[in-house]
Amino acid sequence: MRVAVVLTARSSWAKLEPVCRALRHRPQVDLQIVACASALLERYGRVVEVVRSQGYDVAAEVWSTYEGATLLTSAKETGALLTELGTVLSRLQPDVSVVCADRHEVLAAAQAVAYQHLPLVHLQGGERSGSIDDRVRDAITHLSDVHCVATDRARCRVYALTGEWDRVFHTGCPSIDLANEALHSEPVTREELGGAGAPVDPRDPFVMVLQHPVTDDMARAGDQMRATLEAVAEIRLPRLVLWPGEDAGHDAMAKAIRVWIADHPAQSWHTLRNLPPQRFLRLMTQARVLVGNSSAGIREGAYLGVPVVNIGSRQVGRELGPNVRDVPSSREAIWAAACEQIQHGRYARSILYGSGDAGERIAEVLCGITA
Amino acid sequence: MRVAVVLTARSSWAKLEPVCRALRHRPQVDLQIVACASALLERYGRVVEVVRSQGYDVAAEVWSTYEGATLLTSAKETGALLTELGTVLSRLQPDVSVVCADRHEVLAAAQAVAYQHLPLVHLQGGERSGSIDDRVRDAITHLSDVHCVATDRARCRVYALTGEWDRVFHTGCPSIDLANEALHSEPVTREELGGAGAPVDPRDPFVMVLQHPVTDDMARAGDQMRATLEAVAEIRLPRLVLWPGEDAGHDAMAKAIRVWIADHPAQSWHTLRNLPPQRFLRLMTQARVLVGNSSAGIREGAYLGVPVVNIGSRQVGRELGPNVRDVPSSREAIWAAACEQIQHGRYARSILYGSGDAGERIAEVLCGITA
Amino acid sequence: MRVAVVLTARSSWAKLEPVCRALRHRPQVDLQIVACASALLERYGRVVEVVRSQGYDVAAEVWSTYEGATLLTSAKETGALLTELGTVLSRLQPDVSVVCADRHEVLAAAQAVAYQHLPLVHLQGGERSGSIDDRVRDAITHLSDVHCVATDRARCRVYALTGEWDRVFHTGCPSIDLANEALHSEPVTREELGGAGAPVDPRDPFVMVLQHPVTDDMARAGDQMRATLEAVAEIRLPRLVLWPGEDAGHDAMAKAIRVWIADHPAQSWHTLRNLPPQRFLRLMTQARVLVGNSSAGIREGAYLGVPVVNIGSRQVGRELGPNVRDVPSSREAIWAAACEQIQHGRYARSILYGSGDAGERIAEVLCGITA
Amino acid sequence: MRVAVVLTARSSWAKLEPVCRALRHRPQVDLQIVACASALLERYGRVVEVVRSQGYDVAAEVWSTYEGATLLTSAKETGALLTELGTVLSRLQPDVSVVCADRHEVLAAAQAVAYQHLPLVHLQGGERSGSIDDRVRDAITHLSDVHCVATDRARCRVYALTGEWDRVFHTGCPSIDLANEALHSEPVTREELGGAGAPVDPRDPFVMVLQHPVTDDMARAGDQMRATLEAVAEIRLPRLVLWPGEDAGHDAMAKAIRVWIADHPAQSWHTLRNLPPQRFLRLMTQARVLVGNSSAGIREGAYLGVPVVNIGSRQVGRELGPNVRDVPSSREAIWAAACEQIQHGRYARSILYGSGDAGERIAEVLCGITA
C-alpha cells in the first residue's frame, strides 16, 4: 500500500519521522514523502535534506512559500500549495495520506487529499492552543477520515466534532518517541552545538530561548521578543537563542534578536538555527529553563521534565504538565518565573502527551485502513 | 462600514440576494460584491450579470474555475481562488465578509478571509446533507466568526462545534424570503419560460426534474440521471428538466440528458438552463412534483408546500419538512414516489427553514459586528 | 539522455508524434511526455489518451485550462501552466526539452524550460500566420536554444532573430511525415468516421469544414462561422464539419454550428470531434475541398494536394503552396472559391513544408545536443 | 486615457518614475501604477512605499515572489504573476500599458497585457547585456506594440526584430533624466547616508561596490562576490557596499559579504540597502570608482562620467561609454582596473543612453497612442 506523508514545516518532521520509521520497516508499505512549503527553504533549515540524510526518498517537492511573510502571503501560499498538491497526489495516488498539526499549509494539504476522495489521517487533532491555529486544526479534523490524537482530552474533542468513535485513535504524540530517545542519549557538546555568537558549553548550565510570533498579534511580535530578551538578560547564565519559526511576524522577531545582541556585546548570547529534532531535544534536557512559547516545551518538555516558562497566548488552551509556568509577555513576569523554575530543577516524567511508542501505533492504524 | 459578499456559485445568489437587498438600504453600508468561480461562467448562467442587472455593483471578479470538472480540478481551482481572493480582500479591506453554504470554493473564500484576520460571517452552517459537503461546511464553520443559521437544529450543531453561543444567530434561510415573494407572484407563462425542446405551458400540469451529481459517487452520475429520466418518462405529463450544476460529474449527467432526449423524440421533454432564482421558485410552485436531489425542493419546497421526490444520498441528513419523499436512485422507487406525490398535491406551509425575513435579520447581525 | 516533449494541444500531437516515434527507437533516449492544458480535456478529444493508446508513457499531466475561454482566462492559464511546469521539469530533469508551434501555452512551456536553464528545442519557429500567434512564436524563438524549422523561409527568419546559424535546422514539419503515411493508406470508411448528424460516406464526394476562432477578432467569431456555413450550405455535396479548437471565441463558433444545423434539418450536415491525426489526414485527402482556416490545409494540404479555401486572417503571412485559394470571410467569396477548387480537383505534391522524414531528422538533432 | 505602469522591481522605478512624473502633469492621463513582485518586498526596499511617498497612487499590488530565489522559483513566480496580472488588468482596463527592461517578471507582465489585446509599450528593448536577460528582453519586444529605446543601436535591433519602423522611438533612457538631476544636486552627507558598519563620510573619497548575481552562473555567485571584496579590500579607501539584487544567487552573495565583513573587522566596510534612486545616483557621482556589474555604472555612469570597473559577464554586449573598464571576475584584474580608474578620475559626459528628457518624450509617445 502507498502511504503519502505530507511534510510542510520543519517542526512537523519531529512528529512524522517516528511514523515514517515505523512504516519503513513494513514491507507492504510504499512510503511517499511529499515535502512542501517551508520544509524546502534554506531559511528554515531545509528539513527536506534532513529527511534525505536519514535515508528516506522524497517522492515530490512542492515549492509554495511566497516571500513577505504577511497575512496576505499566508493566504496566497496556501492556495498555491493546494493547487499543486492536487497534481502531485493525482500522480502518486496514495492509498492513504498523513498530515500533522494545525498550520495553514496543512489545511491546504488536507483539502488536496479530501477533494480527491483519498483517505486522510490527521495527527494531533483535537488539541487547543489559542489563536487561529485552533480553527485551522478543527477545520482539518473535519476534512480528515481518521484521527491519531496525542491526549485523552484531544480524543474527546475530535469525537465531539466528528461524532465518529471508531476513527479516533489515542496513540500519543510521536514527538514523545524522540523525547524518549533523547533521554537515553549523550548530552550535546560544545563541538556539536554550532551556531553563532558567544561560545557556550551546553554541558554547563544555560538558559534556552525559543519564541515564535503569535499570528493573531503580529504587530507586537518585535515587542514581545524584546520583553523576553530583557528578562533573560538579567539571568546570570549563558543564553542560547533559537531563531523563531516561519509565521507572519518572523521578520520583526529576528530583527529584535539581531538588534539586541548587537547592542549588548558584553552579554553572553549564542544563536542557533536549524537544529535536527533529536539534537534539539537533547539540548532541551540540558537547559536549566526553557523560556518562550514553543510547543516543544509543553509536549516533549512534559515527558522530559524540563522546567518551562511559557509566555503569552500562543499556547492558550494547551494541556499543560506540571513542568510549565504560564506568564504574560512582561519582563518582570518572565524573569520571576524563570528564576523559580531554575530553582525548582527537573520535574518527574509525565505521559500526558504520550509514552514513546506513538510512531508504531500510528503505523498500525495506517496499515489497518485498507486492510 | 464595508461588507464584502463573496458569491461563488449560481445557487448562492438566491441566498445572498435578500441579504444584499437589505444591506443596500442601509446608508452606512458600502456593499462589495465579489463574484468568483462559476458565478462568472456562461455555462452556469453567468449569475454575475443577473447581479448587475439587479442594480448591484460588482467590486471584483475572480475567474478561477479549471476546465475538466474532475476531483483534481476541484482541488486546483480551490487553490487558485484562495490565492487570488487574498489579493482582492487585501485591496477591498472589508470590515466584515459574508460567505454562504458548503461548496469547496466557499472554503477557499473562508480561508482567504480568516487568514487575513478579517471577520467572517457564514450563512447556512450547521446543516447536514451527507457527502463531503458536510465536512467542508463544518470546516467553514470553524474558520468563521459569526454564524447565521437556517434551522434550530443547525444552531445547536454550530454551538456544539464552536462552543460560542453569542455568535450563532438563528435567522432562517434568506432563500425563504424569495420563496415568500414567489408565493405572491403571477405564475410563469409559456413566453417567460424559454428553454429548448418540446413546447410546454407551465400553467398546465407538469413534472420538474433537477438533479445534480453527487460528488462522492461521481462515477455513477450518468447512471443516476438515467434512472431518473426513465422513471419520469413513464409519467404522462410534460417534463421540464433543468441542467445539473457545476460539480464534478456534471458532464456525464448532461450527456445522459442529451442522449436520452435524442433517443426519445416522441416524448415531451423541455430543457432549461439559467433560470433567475425568482422565476425558478415560481416555476417550482407550479410543478405537480419536483424530482431530483436539489436542496431547493427541501428548503424553499417546505415553505412553498411543493411535493418533492428526493433521490439518493445528496441530501442525506438534511432536515426534511412533510413535503419530501426520500427514495433511492432506482427507476421503480422514483416512479412510485412521484405518482404518490402527484396524487397528494400541495402541502401546507412549513417554516422549518425560515419565515421570510432572513435577509433583514442577517443584515442586522452584519451591521452589529463592528458597532 | 532524457528528452522531455511538452504537449499542450491536440493539434501539436500530429507534429510531435513522428518525433516521439523516432526517439522511441533509440535505446539511449528516455522519452518524457508531459501532457498539459487542452491535451487533457475531454472537450478537445483528450489527446493524452491517444498518446497512451499508441503505447507511449506519459511522465506528467498538468491540468491548467481555465473555464471561460476568454482573453483573460488565456492569460491566467498560461500563468498556471508555467508555475506547475516548473515543478514538473524540476522533477524530470530532462537533458533537453521540445516544444512545438505558437500557442500561448507553448510560451509558458518555453519559459519554464528556459528559466531553469535547460536546453530547449523549438519546432516550427520562424513562420508567419498573422495575429498574436506571430508574436508569441517569435517570443518562443528567443527563449529557445535550438530550432527545427519547417521551411526555408522560416530558417532565414529564425537566423535573423537569433543571429545563430548553427542552431537552426531545416528539418521540415513532422506533420508531413503523417501526411506521407496518409497518402499510402486506405480511405476512411463510413464505419470508421463516427460523428453525429446526417449519415455520410466519406468515399463519396463531400465538402469538409474546419474553422477556428481568430484570437484577434474574437467578437466576430460567431459571424465568421455563419458566413462559412451559409456558403457551404449552397454547395450540393454532403458536408463534414469539425468542431473548432480551444481558443478564445470557441464557444460562439460552436454555438453558431449547433444553431445552424438545428435550423436547417433538411440539409446534410455531419459533425465530428476528436479525430486522430492520421484519420484526419486520410479524410482530408478524400475531401473535394477543405473550407476554413486550419493550418492543416496549408501544411499537410500542400503535400497532399488537397484543394483548400482559406478564409480570413488566421493564416496571414503563412507560406502557401499552389493548392490554397485565399478569401475574406464573406459568403459569396467562400462559395465562389469553393466551387473553383472543386472544379480544379487534386493538386500535384509540394514539399514546401517537408518531405516526410522530419521526425527522424529532428530526433537526430535532439540526440546530438548533449553528445 | 488610462495608462498602466507595471513596476516589478526596485531598479525599474528609476526608469519609470520620470515617465510617471511626465504623465502626472497631463490632465487627460489617469495613471495606474501596478506594483508587483519584488517592488513590494521589504528585503528589496519596498519601492512601492517610495512610490507612495512621492505622491503617486498605487492602483494594484500583486504579491508574487516565491521564497527560495532558485531557478525553479523564478519560473513559478513568473507564472503566479501572470495569472494575477490578468485579473488586475481586466479590472483596470488601461488604454495602454508600460513595462520596462528584461527581467522574467516583465515578460509575465508583457504576456498579461498582450494576451488581453491591450496596447503595450516597452522601454529599453533592443539592448544586449548577455545572459538569459537578452532572450527575455527580445521576447518582450515581440509581445510589445510600441518601443521606446535608449540608444541608436537598440533602435536598429528592435526594428530588425519587429520589422516595424514607425513604432520604434529613440527616446533615451529615463534614468538619465534622474542622472541629470543628480548632477545638479548637493552631495550626499554622512547623515543622509544611513546603512551599517564602519562610519563613512561620502564627501571624502571612497570606493563603491554594487554587484549582482549572474543568473547563468549562479553556482559561482559567492566566489564572484568574494573576488570583488578581496580586490577592493586592498584599496586604501573606505568602502561602501550595496546589497545585491533579487536574482537567483542573491543569498550566496549576501552571505559572502556578511562573512567577509565579520572576518575583517579592522577594514572599513559600510553596507547600504534600499537607497532611493536619486540618492543612489548622487552617491555614485561622489565615488572615486564604482566596482561591480550594475547597469547603473554603464548607463547613468556614462552621463555622469563616473569611473567604472565592470566585472564579468552580466553586462556582456551592453554598449559602453568611455567611462567603463571591463574585467573578468578575478582579484588581480579588478584591483588593477580599479586603481587605474581612481587615477584617471571623472570622465566627460556621454549621451550614449540619453540626454535627460526621456520621461517627457516617452509620455509624448504614450499619449499619442490612442490619439
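Just so it is clear, A, B, C and D label the chains in written order, and each chain counts residues from 1 on its own.
Note that a contact is a pair of C-beta atoms (placed from the backbone, for glycine too) under 8 Å apart; a residue touches a chain by one contact, two chains touch by 3 or more.
Treat the numbers as computed from the prediction; the structure is a model and nothing was measured.
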item	value
Contact distance in steps, from chain B to chain D	1
Chain pair with more C-beta contacts, A-C versus B-C	B-C
Intercentroid distance (Cα basis), chain C paired with chain B, Å	41
Chain centre separation (chain A, chain C; CA means) in Å	52
Residues of chain B engaged with two or more neighbouring chains	63, 72-73, 76, 80, 83-84, 87, 90
Of chain A, residues touching chain C in the complex	60-63, 80, 83-84, 87, 90-91
Chain B - residues contacting chain A, complex	71-76, 78-87, 89-90, 104, 107-108, 111-112, 114-117, 132, 135-136, 138-140, 142-143, 160-161, 215-216
Complex interface listing, chain B residues touching chain C	38, 40-43, 63-68, 70, 72-73, 76, 80, 251
